[in-house]
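Heads up, the next two complexes both have subunit A, just with different partners, subunit B and then subunit C.
Presenting the complex of A and B:
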């Protein structure tokens, strides 16, 4: 997926004006592992899967994936895989790249090692098959314990099973596009992602998480 | 046998039933002018006039602006059309009702010619009516919501009624002539150029046909009362219109002051500065057509022929204008005063409009109209002079080819390439991208919680967002900006020209505090053009985009 005209226009404009610039992020997507998306999930408030590709989001020029190769912690030891794979840049849906956490409420935390303005977070839980993860909550904070100054950016825990508040966001079907979350430029060092099983099993999985900021 | 029949044909049909033929000609005139009036996207100028009219329709207020928009007749004539069509608000309007006003004017121009048949003969009138009915330029701008066709109509009515008055002396004609003179004055400042040429043409024509006494053929009942009647009938409508029916008396003075503005701008706007041969190039060639030249060129060339005939008096074997000659009667050969008058005013307007550096395609229309009449004169004389020779069959075949070419060109210009840059009458005309933008706005509104109250920010350099205000007239919370306004909050839907992107980025990602810098997504893969060369980008805030994507997952073809 390329956007030559948008890129060219923005690059040309950027060359002429030394001011703030906005540019589309060219997020490299992993290979799709299935064609089409089944919609027979028995999940409340489910986002209708869309087959058309997602357009690139715009962000201030120069922002990057600040989570790449950053340390990752989790609420429990992984059943399979290693936590560093969550930020290793490998988004392919292979058994090698996936990290599996125990059943029930689990979370992973990425330490960005510095405070960043975060504009977007993209999550790939598991896209080898179509499935929906339950109670997905994404938070950013300066506090590694997530007690103070916590910004909740996404919450589809509509029944408040995690006790983090009633979510109003939609459930979604995992695809190779991942889930793009608007972080609204929030400042923070730690990114925490919660979940509580999925429509296929009770376990929690992560292939990759990208955090775009500056 | 067939050729013999053709050779013997002496316009008998025209002589027998000219009125019927005239009505037949009205059929293509009406079809070309009123068929599919809404298919062409609105031009910037049309949209500007439409929005101006919207204020009159919604609020009952029209204020003449001496700097912009031209005169009030277009607005008030449209008000009549809207009332007749039961359109009671700006939002309810459509392109067809707006364009029906110039379209009707285009038809009235043809109908008016019938009033001259008694002085020129039906052959010229019917030929001119046919050429006008299918002329590409006349059809194109009869479907264009601007003042030009009204100006031509009012001017022709003024001349026709004045001529009938001169020939008959009946006060009813001078009354009508005065009214249309007033309407002409209330339409567009360029009337003065047309009128100047006509005044010169009138004086020369009277001089030639009137002999030593310039008023020799003036009516015997030509009195000062009639002059006063003319002045009053011209003044009353113009005073009423410019003053918004006495609600805005300042409009009367402004109707005079406006000429100062008009003169100061005549050569100032670089966008409309064109070389002297601009109009000739418009009517001569285009890149749409597979043919080597445009059909309008026939009009121009034959019009030149008619002009030469008018000036040299060699239009017939015997006719040579003489100072003692009376105006020709119906059916009589010869160069009558109407044709001479037309030729002189055509020459004058052609020279003046070509010499003025400020040019737009529609400014040539008066010149073009006079050339159509001269063209008709040329063809009629050509056929008449050829007698019953084989040459006549050749001329008739040529005329048939020309008529077919004109009809095809009109169809192509108005129903196929109506917005294409290859059509010379398009003038920075918006294309179908405009409809794409409008459709996207409609779709986003349909999924937004606010519906059509959706807040939209439109930022186009130099306020070049027209004609979008027409297309987004149902969206009251649309902000129109020539540059990024940092004082107002960012809208969830932003349409922005590339030049404003740095400022927009600052507004979205530098000014708001962390946590309030929302993510935007370009709605279309390729930036659409408002007009040729004016691209805009459509940005949708991500939460709205998510709704959009959920509601119609096949909308975006990324």
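Presenting the complex of A and C:
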């Protein structure tokens, strides 16, 4: 048997096996707090809502939320709430579950306490009412200072307000579905999420962040 | 003799002068009558027609119309002439607005003629409703009689209205008349009669309704029952409790639908002279499941003095769901008799029973229940744990605090952790002493809860002790947590400048770099301006790890005090991390300084481009320049456009500041923008040059 044929066969078989191990990510959603997704916000580049709900996200079988109960740090002291709530598993839009950070550029960093291959990050800012958060940037790194080996997975800071580069991603309206970011298997230990106020006020909020990986 | 001589009187009577004068007088008196009759009718008719028919127009002259109505019905106009004109107008289907206006005006007139006119219109389909409405608004028993008299000639739709009107007028003299229609084959009339009797609301009308209901075969049986329940409510409001009670019990005896039965039983409970609990028990015991479910809610209206809810829970036929519902209601009433019944539900397999049971326990718990709540809190999670903890936090009583303080140091670890948590949440006086002790526990959970509670109730007086804990903390995670707690406690109180002496006194002693770093980090968050020297001293260290931490601590310093030292580090070091941290901190403190001008800031930032280790760091500087609208910033940004990887960022920053820069320095702005066009085709930049 010729080696090219063997090689090609193995490649295809391996691909099929890999394909077979992908499955829709099972995401438990909190209760929706409003019906429909309004789109009359004065922001540039606003994503169209998924009227029929977000399509399933395929990820390797068996991945879990590796951010659950992991320590969270922030750029400034929370005005209300406690940072551990960002990874406590409670995604409901209640005053009990939300952490509010000061106005302006703020970020939270989740220490996964080990290096993981990350496939999806889901963010729930405050979704009690429809609003859009500004300058949302999501980064993953092995470096706690985010100097080296930094992967920017999402950036809708279209004016480089945060100094992390001009973003090309779209603004989106907060809903109970959260914002799912495809992390494409990137490796990292620290996940940092930036924002800079929202269409309702200048403050920054997090209800929950999930990081799916293995 | 044929010719008789006439007497003087005769001569006077037959005086021709007098006759002629009399005829003239008669003519003068009759002239208006003659003028008014005959040929005047046509003119008056035309005039009235013009006014009346004009009412339907949008520009109708209402005052003139009102005047005309008043003249007609007061007799100043000939009704025989006016009547047909009015009728023709009113009977025309399309004259909606005019018709309504007419009847509303007639209500103001309301004299005999008007009332008669209204009565005549009761029998007409088109005007009957409005006539009825108008009559209804006119007080007087004569109207009631009139309505009754008109009933038989009115169309059936108006008949129902007449009955309703008599009800709304609360005419007691019409009760018998109305009652005669309770059994009317026409259901509309029957219902109108039932409703009207309910509205009249006398004992007599209630008796008649009750009689009809008790016959048991009335097609509107349930409707009668609901009207009677409503009636009884009015009796209750008027302090006629006995009458009300009698009505309620007669209703319940007819086995009405569940909502009516529940309302009747509720009414009985409210109006009884006996024990309402006995009534509730009686019906709880005997009712069908649907009704039982409704009745459990009636526990709420039992008198405050009722505290024997356990008897309700133990009644036969009460399902688990009803029991748990009863438990919640009784717990909210503070009824401790249910306490023992909770045990079964606290251990139930189904969380939908466990949760309300824990909630109920939290409402009625006393010091005796502390161990139970702590056990639940330490062995559950989520909502159940929250509820148990809440029960512990809200419990009142001096002995409760003493028990918690004692058990925090003596109970087994899972329980001790809950007690320690409760110290923080209850803000127990003297709790900090216990927490400082429990924070030294060998059990991580106890330590963590102690730190947390210290953060909640600790005051600046215990800063030293927290530093001691930090120095001895077993690992980085706990050290960082303690650093956070230290910060939270140190900044409490109304201090213009936070007293950091309790932290600084530890710095001269030998500390591990990690501990020193953490203390420095706390000082960096506190930002007492007197502490800058400490940071600058520590920047001289050879320990890179510590140095990095000092620089991190300086990142948010509120002014450019450390700027020079940070810049020196940037320019001198080959360590990329150190250089980057120092550059970021340098730029941040420059931007934070309220006393530096935009020009000075821009000039301070510029050197960073020569030392930034990659484009990401340059983007940070570019973003900062985009907030400094001065020509220096513009020049620097255009310089950076030679790096194509930074083009989107530099363009964005330029567009952020160009308008303000141009306003202050148009000539040089133009020069810089023209220079920029060597690197970009950006349309907006071109537009600025064109404009």
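What to note about this one:
What we mean here is this: the second predicted complex is superposed on the first by the 194 of 214 C-alpha atoms of A that agree within 3 Å, B and C clash if a C-alpha of one lies under 4 Å from a C-alpha of the other, contacts with A are read in each partner's own complex, and residues count from 1 in each chain.
Here, a residue touches a chain if its C-beta (ideal position, glycine included) is under 8 Å from a C-beta of that chain, and two chains touch if they have at least 3 such contacts.
Model, not experiment: these values are computed from the prediction.
Touched residues of subunit A were counted for both subunit B and subunit C, and B has more of them.
When both complexes are overlaid on chain A, the residue A:60 reaches subunit B alone and has no touch with subunit C.
Of the two partner chains placed by the overlay, only subunit C lies in contact with A:71; subunit B stays clear of it. Contacts of A:159 after superposition on the shared chain: subunit C is touched, whereas subunit B is not.
Of all residues in subunit A, only 71, 77, 145, 147-148, 150, 158-166 touch subunit C in the complex they form.
Contact residues of subunit B toward subunit A in the complex are 498-499, 501-506, 508-510, 512, 514-523, 525-527, 535, 537, 539, 542-543, 545-546, 549-550, 553-558. Subunit C contributes residues 477, 480, 525, 548, 552, 576-577, 580-581, 613, 616, 619-624, 626, 648-649, 652-653, 656 to its touches with subunit A in the complex. Remark: subunit A residues 1, 3, 5-6, 9-10, 13, 17, 19-22, 24, 47-61, 117, 119-120, 151, 170, 180, 182-187 touch subunit B in the complex.
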